[in-house]
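Heads up, the next two complexes both have chain A, just with different partners, chain B and then chain C.
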Partner chain A sequence: MLRTQTLPSYSDAVAAKATEAAGAGGFNTSLAGNSFRWMAAPALLFAGTMIAFPFGYAVWLALSDVQLGSAPRFTGLDNFHRMLADPEFWNGLRLTLLLYVVSLSLQLVIGTWLGLLLARFQSARGLVRTVMVSPFMLPPVVVGMMAIVILDPSFGIANWLLSQLGLPPALWLSNPDTVMFTIAALDTWQWTPFVALIVMGGYLSLPHDVFESAEMDGAHGWTRFRYVTLPLLGPTLITAAVLRSVDILRFFDIIYLTTQGGPGTASTTLNILAYRRGFEFSELGYASAIMVTLSAIVFGSVLMFARLRRAVAW
Partner chain B sequence: MVTRRLVRVADAVQLTVVLIVLALPIAWTFLSAFKPRTEVAAIPPRLLFTPTLDNFIELFSRNDFLHNTLNSLIVSSGSTLLGLVLGVPAAFAVAWHRMSWPATATLFARMAPGTLFLLPWLLMFSKVGLVGGYTVLILTHAVITLPIVIWVLLPYFETLPRELVESAQIDGARQDQILRMVVLPIAMPGVVVASILSFVFSWNYFLFALVLSGVETKTAIVASFNFIGEGVTNWGALMAAAVIIALPPLILTLLIQRKLVGGLSAGAVKG
Partner chain C sequence: MRKFGLLGSALFAAALAVTSPAAAQSFNWRAQDGQTINLMFNNHPWSQAMRDMVADFTAKTGVKARIEIFNEEQFRARLTTLMQGGSADMDVYMSLTSREGSIFHRAGWYADLAPLMADKSLTMPDFNYEDFGASIRQASTFGKQIVALPINQEGPLFYWRKDIFERCKIAEPAALEDIPAAAAAIKKCDANQGAWAARGIRGVTPYAMAGFIYNSGGSFATPDGKPGLSQPNSVRGLEMYANLLKDYGPPGALNHTFTQVIELLGQGRVAMTHESSNEFANIVRFPNRANDLGVKVLPPGRDTKISKPVAIGWTVAISSHSKRQPAAWLFLQWATSREVQAKLVQAGVAPPRASVFEGEEFNAWAKELPIRRAWANALIEIGRTGTGIYQSPTDRIPEARDIIGGAMQAIVQGKASPAEAARAADADLAKLQ
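Our next item is the complex of A and B:
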């Protein structure tokens, strides 16, 4: 089910190629000695041990009461019932979705603008690309370390710049009302260039006679962008959205490094909450229930975009 | 003509602003790492100072940071190698036979939150006494590198002329020979991209080593996290650590800039 849902174009391509090969009476892959299938076996074994089994294990933990030192006891959906009654879970869900919506929209909007700008501006490409690539190649932990130093309320350069502009200092990471927006800004700083480069690549690969005829029909500026460029960029933007959604929903490093979910629980997203429950409070079953839920949210968002992709395909 | 020129100037101005916003925090970090200790947190910030290596000397002498950096190297190289050993033949088999399940499985690994696997891994690996060693770090980081290798290499193998492999088979080459002598040389550019991306993403990864490393195997990234946790207010040393961790990914990706975005979005374009 996952395969057909998330990989529509891939499996379509597989089917198409298979028919093509059969039709041409081509290479017979089932001939003994000609099969390379065994070459995938080690990777499959690895994936089974390190991914599939732990995933099943996590689901089983989520359905159990696990106390360290004694055998886990199957308790059905108890952990999920507890989760639904836990204000921290709802708080985490709210923060996860807030980060998701704010970060993703900022990155798609700014990324589209920047990507089209890059496509128009073709000078100094080496330098431009180097600067564009650097933020998202940095370890998130380094971005967190930079944030701690630059956004420090008293000694950081950010507040000094604000004071030079005559603005009051901000409590970037220690104001519970704004901390999620600061975190969204950090992720946006790091990953918008990536979205922009995807958009640039997508735009440059579009058929350019379309733009010329749109131009001749009198579509300029905003009209051209809204009715020609944007629809044509649809599939590209969805690719970018899928990649960013997955990362934003499981966002962890920068939050854990800078605020550890605080102040209070003001930045305790689901991933942070699950981590703390599991590794700081040793509530293995309950933590697993939260993690399974978060995984479902991630898969759900990917499926949603897979459907949307078919809707905007051209 | 005048409007066209105006647009060009406006573009240049906007792009310059963006580039400054992107580069400034990184430049500031690098500058701070070379500042004398007393000037790192000076307000107003000082742009003119006598550069010094004191922060790096302190980082490497007071802490075990050299050891941590070596650990990071061992784990990243090990997991990249493991990812290649498992991923290259798998990607070839997948492309040749047009299988779709392995791609789905690794995509799954790429989508699931790392925390999901972490508890089961901790329980599994503590049973066999591997927690805290290099083995567990290399194995878990290979969960990151293997999907990268497979997804980056698939397009290379899919465009491989089938006649090449078929004629090698007719000439009686063994399958492992075909892989090593026919397939790999053609896919070499892809292998380079896959290796660099794998190394960088393994190097940058924080969560698995945070839980599964031991005192002796702590990676540079986890060690830096611990500095912050200990409430170290020595920003100079902190920025020096940031520079040491940031340099390998920044330098390595310079080599594959053109292929970078394609490599990172491989899989998603299809999936």
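Our next item is the complex of A and C:
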């Protein structure tokens, strides 16, 4: 019986208290509702000021022709029509999705492996976690500058190391065919430990009796991982994927620092394209249209993972 | 009685103004004592020197100056954001009027300096605006509005390692066409020695590439004002620049701007480059470079005999949104004064005032090292023969330069022949007109 009993929610409790007070002649439900609204007001005001207004303004700019120094002039969907006919937009979309798929896949696979490894690592766990945290604690500008110095084809240490191994030098960020993979590798280096820590936390919170039962049933190694660990880690991995999706899709700083979207347009993702159009070419309306589209893609990916999370819940 | 009192006061004030004009119009450096102004600069030898010298301005005027310095891209992004938002936080900013002047002027982002200059109570008696070169003044004048004051003059110069040329028995390039030949000879002489480096990022390339196009007899515009990159001589210059980068440039050159180019030249990894005169001070800080480098204006075309270098100047402007324009104007006067410019020469900033260029301090400094004299001579020449135009006719200058640099990149990447790349660029440039 106890198992099926549900706890009253906070609002139910407030309403019950209000009814009780109203019965006593000193209070009423509308007063309780009002005080609840007042309590929520600061949060709503903050969300409205910091989220809804900037986004609404960006949408307004996207629907306008914006000349520097003058008020925006409403032009409807013109900027979106132009965007759909712009080869640079399609190139940017392709590169954004390529970076997304490559980075996210690498980070989830390597992060899961690393997280499970760390969970079994007993000695000096605190030290290991501190070391793991350090890459994603670095500001992006530091990572970008490090990449410029290390990966420079002329005086970078990466090519020197390759030469010591008898391998030919690589162009890293300067080759249009490899630049996006190099950027994906940089992001993976920085953020895989973050995924690993989430996975480790999720794994350590799993019920141990399930693993003991699996062991008793003869599930070891890969079989245990495939049929027990991975399904149990599903919600954790989805959470990690949501967090990384938002970041990867709006990835900007390291690309801008290292390549500025080049060589050519080989790393001009949607974010870089919008920045160039907005700030370098002063086309704020068109840049906003690109950014609103990118925001829709980010929102879509979050919704997709939210659905997936329900599907893998246990 | 009250009416008479007011009238009397007004008459008294008017009489004072008439009888003592000198008192009414006297300029006072401390007129804005106690004010604080905010300045936003692009990372540049001038702004770095300003950061070190700004205490002198405060001591002279009593005006505190808060300086923020950003790399060029971040500087432009922040500037656009602040100005578009109508922010009064920033009072003074650097501006490359040859690039963004027409757009900023149309947006109303520059305070007009002409009325300030005409007001004798606000402008120091020996300011002498005509001391700035005529072409530099012209670049910051729109109609009757003076939007900024020049702080330097600069342009790309040809730097070459004399010792490497001597060791490989190669003659100093006298014509533009000698440069690829010299690069080939250097590679033959010493395969480990880099021969050439230059800018490869799209938007910043035309600054260094324009000399190749002009000296080859080309132009960015046709005689009737249409985009002219696909004219035969323009294609020749475009091709030479792209081939130098492709055949003799460092790996990854298409991601390079002046920072990488200067590093390569300074470290001795390349023997030649065509890079900004501004970077002179940074280059000669590297060991031995003050002794083994040569510097001059890009050689003229052999057959065309044309030498038409790029010559531009950064300026400093007052924001039209500033609420502290008189204090900001004091800063502009101080920063562009003869005394301060004479000191800035030590930081490698080429002075835009003729009196400083011809002055004893500058000449004494230039005489100390042969390379300084060569640099000064090159600057005098680009000031005389240079142009600030290195894109096809349009108001959308940054976009036009991006397209022109993109054509060069397409050739280096083998995506298009020089003629195809130039034709495609002209088609895109025509859309900007």
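Here is the rule we go by: the second predicted complex is superposed on the first by the 263 of 314 C-alpha atoms of A that agree within 3 Å, B and C clash if a C-alpha of one lies under 4 Å from a C-alpha of the other, contacts with A are read in each partner's own complex, and residues count from 1 in each chain.
Note that a residue touches a chain if its C-beta (ideal position, glycine included) is under 8 Å from a C-beta of that chain, and two chains touch if they have at least 3 such contacts.
This structure is a prediction, so every number in the text was calculated from the model and none was measured.
With both structures placed on the common chain, the touch criterion links A:185 to neither chain B nor chain C. Ranking chain B and chain C by residues of chain A touched puts B first.
Contacts of A:232 after superposition on the shared chain: neither chain B nor chain C is touched. In the superposed pair of complexes, A:121 makes contact with chain B only, with no contact to chain C. In the superposed pair of complexes, A:263 makes contact with chain C only, with no contact to chain B. Of the two partner chains placed by superposition, A:162 touches none, neither chain B nor chain C.
Shared-chain residue A:176: touches chain C; no touch with chain B.
Of the two partner chains, chain B is the only one touched by A:250; chain C is not. Contacts of A:219 after superposition: neither chain B nor chain C is touched. Looking at the shared chain after the overlay, A:52 reaches chain B, while chain C stays out of its contact range.
In the superposition on chain A, chain A positions 152, 154-155, 256, 275, 278-279, 284 are in contact with chain B in one complex as well as with chain C in the other. Chain C makes touch with chain A in their complex at residues 73, 76-77, 80-81, 83-84, 103-104, 106-109, 194, 200-203, 250-255, 260, 263-264, 267, 269, 396, 398-399, 402, 406, 409-410, 413, 415. Across the complex, chain A is touched by residues 7-8, 11-12, 14-15, 18-19, 21-23, 25-26, 28-29, 32, 41, 43-45, 85-87, 89-90, 92-94, 96-121, 123-124, 139-140, 142-143, 146, 150, 162, 166, 169, 175, 179, 200, 203-207, 211, 221, 224-225, 228, 235, 238-239, 241-242, 245-246, 249-250, 253-254, 257-258, 260-262, 264-265, 268-271 of chain B. Residues 2-3, 6-7, 9-11, 13-14, 17-18, 26-27, 29, 34-40, 42-44, 46-47, 50-55, 57-58, 61, 114, 117-118, 120-121, 123, 128-135, 137-142, 145-146, 148-150, 152, 154-155, 157, 160, 189, 193-194, 197-198, 201, 239-240, 242-243, 246, 249-250, 252-253, 256-257, 271, 274-275, 278-279, 284, 287-288, 291-292, 294-295, 298-299, 302, 306 of chain A are the ones touching chain B in the complex.
Across the complex, chain A meets chain C through its residues 67-70, 152-155, 169, 171-174, 176, 256, 258-260, 262-264, 275-276, 278-282, 284.
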